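Shared between the two complexes below is subunit A, which pairs with subunit B and subunit C, respectively.
Coming up: the complex of A and B.
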């Protein structure tokens, strides 16, 4: 019986994967591909946020800073130092992981929600740094002319190629994350949700665990930043503001706890809302503008409604529906 | 640097510091009642200025009445926000409350943009422009208002906290919520009261500053972070510490402008915030309490 479920899940994942990867074969609409590529970038960050919020019970209000560090670091070493793109990606991941470690170690030693406050401050410090550090970041005008990703001498310059690149990275990130939650560390995180004191009394190093999860989520954001910089070719401080950090929190919250699929789905939905015309043909310009006008209100109300009325977010709601189905 | 110049920077620090103190008091009151950070505190600051501008410019009320209307309307909104979005979360989980206030902050600032437009809006100074001389340094008359209003608000809060039954109940709630409930304190009411007070204090700060800086729908988060840094610097949960933290932060910022550069003025509060969190999370006036299971 259990085996049957596993096979069903595997088939379902295979189908979803195949349809995601076949999109560039079915359409040549550059706008649509660009929006969907951007969705992939957000999926990578939200995978980390889901581990942090849904499994480790912490929230980061500064993940846009890691996203930005990854983007600027990668763009800088590739355009100024002339390093290959792969080295840019590596630098982005290493720097953000190190930054995550420096931030998480002192704030997670303490109980309570110091990480939320520290990440909020860190995010704002980095925003000031992105604007003022003109030598590296280009200041408020940002950096343009960042070259496309290229490896083995092949430049990935088509919209479809970029789409495949980003979604391959997203698939790899999701694979890493799902292995993590199935591992010993994942079970420890579930225990942590039941009772922190209980988990600790069983000899679990919860602080070390939370620090590791935070470092991984920072590195995911760094990878996403590097991909974004090279795919879009232009970055500026507004892409990495507090506002973006809050949107990422909204995705993790709506997606729900103890799940990767829920947050991924939330990332897809919330990222697409302002670009609804990319996937709904015939949507008028004014309708899109109305959506964008009210987007903030919708996100804010969504966060509140989920915290009040939908415990566990999308994932929790799906679990309840599934449980009802199996009882019948 | 001459003494007069230094005094000039000191006065600017005192002015900004008292604004941070008011915002910090809001954080500290809500933290004492709920154990959570109210991310929407900066929005109360924005609303205090914005609703006063609305009452003055759009409704045509005389300035004093418009100011009272703006602050009172913000206080009501603070209470409504608590009743509608915080109270229904019955377990009172601090992480959930933090996230709810993040959502509330988005909704409040976005609503302000829908209603009052995306551009900066002015408010006239309370008693004309101009400035007074203090030992050779000049101080805008509006800054005198800011200092006076802060002093009055702090005194009123001190009285409420130390001399009234409501204040005693709030303090009991801050020390131990369950114990307070057992002896008959309505702890849920205390949470609502803390939000109303936090909104009032934030609104007063926003109202007092708007004649100098104008106001716009998105000023909330940046002021909120400064006030939060001040609350942490002093020691979260203690009103006197919030005031001290605010004044110290204002002075530090002013000194950094005087001796380093104004470029990094905004980073000072953040660096202070991170340093205090890492080195002395209980704040300069706080006493360390060991967490027990």
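Coming up: the complex of A and C.
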């Protein structure tokens, strides 16, 4: 029976993957491809948020900072040092992982909400650093003219190419995340979320576990930052503010716990809201501008509505549907 | 040589001495009970033995090694497992997954190997699932494998916690009031399970209120009262010990007996 379910899931994932990858073949609409590329970037970050929040039960209010560190680090080494793009990606991942480790080690030794507080402070410190560190970040004006990603001297400069690049990275990240949650490590994350005393009695090193998950989620955000910087070509501090950190938490909450699919869907929905005209034909420009003006309120109302009417978020709803299906 | 040597362990909370210079030994292969009235310091002592708490004074030696200052997860990996008075299960996980989590202590696939889904991690995972299924059947929960822990009846949750502790392959198993809230049938099933566990090679220390169970299963008993050890010995002698009777019934009633 399990095998049957596995096959169904594999077919479903294959179909979703095929349709995601065929988008650039079906449309040449640059605006739509750009918005969907941006969705892919957020999917990469939210995969880490899902591990951290949905599985390990830890809250970070500072992931936009890792997103920013990845973006600035990658942009800097490529534009200033003239390093190849792949090196920029590597630097972004290594720096954010190291930053995550430095932040997580002291704050995760303590119980309670110290991680949330520490990440909140870290996010603010980095936001100021992005604005003030003009030598590296270009200050409030940001950095522009960041070159497109390139492989072996071939520049990926088309909207479709960027889309494929970002979604390939997203697929790799989701594969890693789904491998993790189905493993001993994933069980340990769920266990420490369920009962810390119980997890300790199973021989789990709670601090070590939390630090590892945090480092992975920081590195995913760093990778996303690097991709964003090179695909968009321009970065500035506002892209990596507290507002973005909160949006990422909103995606994790709306997506629900113990799930990757839920948070990914939430990332797709919440990223698309301000760019609804990219996928809904005929939606007027002024309607979209109204949505953008009320963006925060839309997010807030969405979260409140989910908490009131859809307990467990999208993942909870999916599980209820699956349970109904299997009872028959 | 004894498997566990507890020497002069003292734990204070402010002005209260919860455990006061307690010493005893646990020999390999026995079932040893720790009893005492409410507030005697039994659970505190348990927490100290498993490094969930630290003593102000005294040492705990396990298999000849001083483990007093070890971290809890190292102690588990070294072979001491425990259960809790108020069960600490992973409610959203199935019974089988709970037991598989216990195998964390004796498996080794880390984050990197898991992220890459290396073949040996998949194999290890399959072995853990099979062994965990066996342990569930050992405690009589074979039919509950796929049920979320939260949905299980109270008595069975205690058995599930024991199965999870066994998954760590303990040489020494510490059970904190395993019979609390169990009915008579469940308690006798628990006694059977304890014998099977001992016969598989684990030494057992049990904190328990249920005197019937304690007198039936234990080879030796330590009696605590207000943090101090007041008696130690086989069940027959403990039952007749005047200090124990006094502690349980109060001084005056003891005089009348």
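Note that the second predicted complex is superposed on the first by the 320 of 328 C-alpha atoms of A that agree within 3 Å, B and C clash if a C-alpha of one lies under 4 Å from a C-alpha of the other, contacts with A are read in each partner's own complex, and residues count from 1 in each chain.
Following the convention adopted for this analysis, a residue touches a chain if its C-beta (ideal position, glycine included) is under 8 Å from a C-beta of that chain, and two chains touch if they have at least 3 such contacts.
Here the structure is a predicted model, which means the values were calculated and not measured.
Trainee: Touching A:61, do we find subunit B (first), subunit C (second), both, or neither?
Mentor: A:61 sits against subunit B, while subunit C stays out of touch.
Trainee: In the superposed arrangement, does A:302 touch subunit B (first), subunit C (second), both or neither?
Mentor: The answer is first: A:302 touches subunit B but not subunit C.
Trainee: A:174 in the overlay: touching subunit B, subunit C, both, or neither? Say first, second, both or neither.
Mentor: In the superposed model, A:174 contacts neither subunit B nor subunit C.
Trainee: Looking at the overlay, does A:246 come into contact with subunit B only (first), subunit C only (second), both, or neither?
Mentor: first
Trainee: Between subunit B and subunit C, pick out the one touching the greater number of residues of subunit A.
Mentor: So, of the two partners, B touches more residues of subunit A.
Trainee: For A:197 in the superposed arrangement: first (subunit B), second (subunit C), both or neither?
Mentor: Touch partners of A:197: subunit B and subunit C.
Trainee: After the superposition on A, what does A:120 contact: first (subunit B), second (subunit C), both or neither?
Mentor: first
Trainee: Identify the residues of subunit A that lie in both the subunit B contact region and the subunit C contact region.
Mentor: Overlap of subunit B and subunit C footprints on subunit A: residues 197.
Trainee: What residues of subunit B sit close enough to touch subunit A in their complex?
Mentor: Residues 35-37, 39, 85, 88-89, 94-96, 98-100, 102-107, 109-111, 113-114, 221-222, 225, 228-229, 232, 263-264, 266-267, 270-271, 273-274, 277-278, 281, 291, 293.
Trainee: Can you check the complex and tell me which residues of subunit A touch subunit B?
Mentor: 57, 59, 61, 106-107, 110-114, 116-118, 120-122, 124-125, 128-129, 132, 197, 242, 246, 249-250, 253, 293-294, 296-297, 299-304, 307-309
Trainee: Sort out for me which residues of subunit A touch subunit C in the complex.
Mentor: Residues 176, 179-180, 183-188, 190-191, 194-195, 197-206, 212, 216, 258 of subunit A touch subunit C in their complex.
Trainee: Please output the residues of subunit C touching subunit A within their complex, sorted ascending.
Mentor: 50, 52, 71-73, 76-77, 81-84, 88-93, 97, 100-107, 109-111, 114-117, 121, 124-125, 128, 164-165, 167-168
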